[in-house]
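Both of the next two complexes hold chain A, though its partner changes from chain B to chain C.
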Partner chain A sequence: MTAVATSPSRATARRSTDNGGALAKAGPMTYVVAYLLVGLCLAPIAYIIIGGFRTNAQITESPSGLPAPWVVSNYVDVLTSSIFWQQVGNSLVAGIATTLGVVVLGVMVSYVIARYRFRGSNAMYSLFAAGLMFPMTVAITPLYILVRDLGLANSLGGIILPQIAFALPTTVIILVPFLRAIPKELEEAAAIDGAGRLGFFFRMVVPLSVPGVVTVGILAFVASWNSYMLPLFILNHESMYTLPLGVQAFASQYSVDTARVLAFTSLSMIPALIFFSLFERRIVGGLTGAVKG
Partner chain B sequence: MSETTHNRINADTLHDGSSGTYLPVKGTVTTMATVTYDKASRIYPGTERPAVDQLDLHIEDGEFLVLVGPSGCGKSTSLRMLAGLEDVNGGRILIGDKDVTHIQPKDRDIAMVFQNYALYPHMTVADNMGFALKIAGTPKADIRARVEEAAKILDLTEYLDRKPKALSGGQRQRVAMGRAIVRQPQVFLMDEPLSNLDAKLRVQTRTQIASLQRRLGVTTVYVTHDQTEALTMGDRIAVLKDGLLQQVGTPRDMYDTPANVFVAGFIGSPAMNLGTFKVNGGFAEVGPARIPVSRAAIAALGAEDNGKITLGFRPESLDVVSQAEASAFPVEVNIVEELGSDAFVYGTLKGSLADADVHSGAGDNQVIVRIDPRNVPAKGERIFVAIRPGEEHLFGAGSGLRLPA
Partner chain C sequence: MTTRDTMTRRRAVTPSSTPAGAEGGTTPPSARGTARRAGGGRGADWRKRLEIALLAGPAIAIFLAFVILPVVLAAYYGFFKWKGYGKPTNFVGFENYLTILQDPTFHEALSNNAFIVVMSLVLQGPAAVGLALLLNRRFRGRSLVRVLIFVPYVVSEVIVGTGWSLMLSTAGAVNDFLTRIGLPVWAVDWLSDPKIAIWSLMLIITWKYIGFAVILFLAGLQGIPEELGEAAAIDGAGYWATQRRITLPLLGPTVRIWAFLSIIGSLQLFDLVYIIWGQYVAATAGTSTMATYMVLNGRNAGNYGFGNAVAVLLFLISLVIALTYQRFVLRRDTEGAITEGKAR
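Then we have the complex of A and B:
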């Protein structure tokens, strides 16, 4: 069995090296271009992170130099300040609540659109898709008034609800094809086995859509983590600020203390960076992978 | 949910009555799981012609019935109507004495094996097989015992903890069977369960399924497009075409006395040769040959038949004879197919056949003749064959219906 299984794969592997030799080997130019682009992307981030390890004097002296000596006091100051942790907490609460809301509502909406046959299901799908073309910038003033009238101004709820709404289009667009790909026979088999529509949803759809759900969950979380404009309008007290707002406030407060601002900035983006690089593979998997029967 | 649980408990007490054995053994099931289609019709929305047209069919308790026909004949639809996956637009369907026409699939006490198996990809083999019982709220220990029992029968014990992805096609097929067995249903429904297997495995699995069904004694409705599967597996066969039931009978009935031209051409491999010939003075004129036609058959010919008769003869009903015989007709050999145990000549009927319309499984104007594999004619050679007396099939040329011999 194993021999049968391995020999073809070995054969294809060999064939691909044989045939693809000329194609697979990259010329030196490829590396130059690739490293150039990677460098362009990474340089600002590296500058911010490394800049946090310098003093303001060092930065004025040689703006692009390396820290000499390395100073950790900027980072220590930020990490020991209560306002930073307060804002990390706010960002986490907003991010997690948004993610949960998006995932729960998104899976429910997508399941109905994908697998129920009813009049207007296509129109509803188009409606959600149209949401993609609706920028938050346009809606921000009425949205602010609405949130204020709901009594959610200056509270995390006031940013969580609109964020869920604005993340739903992407979620629905990603999840509907994903759920449509679940074979019809699976639903029929489950129906004969005694699972109703809800039973099928909880026992089949939910476990089978985990890769897609992870994708939309991460996208929603990162979007919420980086969201700036909405909190800017809704939140007006520093204790309620999320990290992007906090960075902004911190920057204007310590505008002369460049090194400390750099440290604050890098600390606020690192969680999202780590999160994204950890799950990057699963995001792609959720976008491409359908359910295999 | 509570309703389901309630139903399952009833069914379980019924089955577990035979202490020790978890699987129903022939004779211990007390209800009569007959299946009756009573003028059941299915018309798909937006279509004129019914996909299944007033199907009348009665399946006995413990019987293995095969629904067979070309694609689009309504066989799968009929099965899905019985499963409750397809609405019934007219008539009734009964399981035992219970009218199930408008009952949910889960309450029909049936189990179905799908063509692509429809195994739950995120569950292990054991969970797949025990899923229905789990939904029904059967105690875990019982589920485990029943799953293990079924796994033993199907040789799946070592794979119980694997996911379907890690199984071969044949193993997946067995898991799908196991899922049906574990439920101990009144009726098994199988929708072309072998068509995703390779040829050799299909033949093996065919006999396994048939013997398993005999052993369990559970009423089974089996859909296939393969007439060999139908002949080898079924207690009885029902042939459908265009949503209409053509004939029901044992494999022997179908082979020996096909009710019409369609069944005659469909059942048997290689297919029967069928030709339409003029009847003249009690004889059908097949080229130079004159084949006697009984008085009763001629009397049964109607106006629509226009004095012509459709003569059917199986490749295995032909003998190679000398030219001198009155009933011999010439066949020019196009190709010879040698199978070791048999050899088949694919040839063209020769002679004055102006009005004749001959066809067979090999195509128009072709006839197939089984010959002695040790004495094979050459390509292009002309052989004379005669139909063995009593082995010809006569049909009205217009009606297509069988004529009395």
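Then we have the complex of A and C:
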């Protein structure tokens, strides 16, 4: 362990001196703590995934053991059940619609706040910034009544609209500085070429804001994919459930069939994990940007 | 952050934005420049207003309807005894609020929330700072480690709750593992023993959210110029002295923002408790929060007036704590923003 650990640390130490040497070199302790930490973070996830490959008898007999033998029947059962795919579909529809709504409305309003001069533009920004103080938990009870009175209870529309609304504050806070940073010269050049403010918006702002838009889009999608409280209030039929509700319903329905619950649970986290690994930099960057902005 | 920040922004922008606003009326000589640039004349002004309305209107409408309106409605419904159907007619004044404030179960939920707020800061803060300092060193696999510790944060609360409640059940994997490694005494009722359950909740919260703190702090550390560390090294400061005297103070703003987010999140905690303990067990296991109290006694009991009153209290408590925190803790950081605003 130490031998393995010291040689790369020496190599990195050399590299860090090339870069100015301000960052401390990592000793073996760094490796021990870092990998221990990763182990602790991943062990429960691994428990869920691996548990799905066991039988209930195996789980009862030795709850913390490994599969012996590995069985795939739990996963096959879940993957061939129509309810799982229906709930995946619901989650996808809700997630994609929320993301599109947040991106389109967010870019439009952020553009106005960032680049139009008018009385009330600061008030508009403060309005959205104040939205951060109104978390979903506080609004959920009256929100349910509102959605029900609009006739949207038990429909995906009833979770999409509130999700868009609650994602707007972060979106505006991330996008406004981004759109302000587009150089004034570009706008002037576009004006000389005869483009109006709207023409400039569609031809220049939309393409240039793609990186910021991707960040807010991902944040909105992941939030929608994992959202629990809102669907819990709005959706009351299993065929309309999104995956988080589906996992919970499945877990209580098959509470004696632990192995199948674990398989269902691990399959439902795969999309979020794939999505996260594809866009990890942007998610992390977006979160830190949101906090700093 | 919000109020002060916008105040400074307004101060910074007002001189230039006032003339633009006066365009519609008699154009003062000083504003003619702005008017000409906007295209001149009334037509352009109307066109601009139309554009603003078209671009900003939909977002503002949906935001007001689904974020602001519900909170206003909650304040209204909270004064009624109401089953949620038809118009609320049975006005009861502050009765709901008095009932809540005299209810021992609410007191317990409130004190649980206070405990979660404090313990989240105490358990996650120092550990996350230490881990961020450690992961800020160069070592092989660093970027992979950074990704992997963030995984619990990305996985949904339902999955975390389902997985952990299976693992922590009395005949679950954790107790089995403890027995196997020769610590059967440690095998306890993690979720049902009222003395232990809240600590199990803290364990799960720490596991799920510490990655977020570490990632934030790492981003904060990257904003600290390397030259400062070099200068300190030249002056003979060791690693620890550098961290304590230079890195930690400069990381202050990031830590204070994280603490703010953590406090607000802890006050609103609902998902994990509701998923793991369900609506009835949470109270007996001693893990109920204001939010689970709200859902249990509001929607689930069909008392919407009462539930809305709890929502209002939850909002007011969070707001007071948030404003106090901003006033006394974040002030130092926003002062920096004020000077920055002036410079702009």
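Odds and ends about this structure:
Note that in this section the second predicted complex is superposed on the first by the 256 of 293 C-alpha atoms of A that agree within 3 Å, B and C clash if a C-alpha of one lies under 4 Å from a C-alpha of the other, contacts with A are read in each partner's own complex, and residues count from 1 in each chain.
Convention: contacts are C-beta pairs under 8 Å (C-beta built on N, C-alpha and C of every residue); 3 or more make two chains touch, one makes a residue touch a chain.
Keep in mind it's a predicted model, so treat the numbers as computed, not measured.
Of the two partner chains placed by superposition, only chain B is touched by A:Leu208; chain C is not. Applying the stated contact rule after C-alpha superposition, one finds that A:Tyr254 touches neither chain B nor chain C.
When the two complexes are overlaid on their common chain A, residue A:Ala189 makes contact with chain B while staying clear of chain C.
Legend: residue contacts after superposition of the two complexes on their common chain; A:Trp85 is shown touching neither chain B nor chain C.
Note on chain A: of its two partners chain C and chain B, the one contacting more of its residues is C. Shared-chain residue A:Gly199: touches chain B; no touch with chain C.
Touch criterion met: A:Leu161 reaches chain C, while chain B stays clear of it. Chain A residues in contact with chain B (one complex) as well as with chain C (other complex) are 291-292. Listing the residues of chain A that touch chain C in their complex gives 8-9, 11-13, 15-16, 20-26, 30-31, 33-35, 37-38, 40-42, 44-45, 47-48, 51, 60, 62-65, 101, 105-106, 108-109, 111-113, 116-119, 121-122, 124-135, 137-146, 161-162, 164-166, 168-169, 172, 197-198, 201, 222, 225-226, 228-229, 233, 243-245, 247-248, 251, 258, 261-262, 265, 268-269, 272-273, 276-277, 280, 283-284, 287-288, 291-292. Looking at the complex, you find that chain B touches chain A at residues 1, 4, 8, 83-85, 104-106, 110-112, 114-122, 131-132, 135-136, 164-165, 179, 183. Across the complex, chain C meets chain A through its residues 1-3, 5-6, 9-10, 13, 16-18, 20-21, 34, 48-49, 51-52, 55-56, 58-60, 62-63, 65-71, 73-74, 77, 84, 131, 134-142, 145-152, 154-160, 162-164, 166-167, 171-177, 180, 207, 211-212, 215-216, 219, 226-227, 229-230, 233, 239, 254, 257-258, 261, 264, 268, 270-271, 275, 291, 294-295, 298-299, 304, 307-308, 310-311, 314-315, 318-319, 322.
By the touch criterion given at the top, residues 183, 185-186, 188-196, 199, 203-204, 207-208, 291-293 of chain A touch chain B in their complex.
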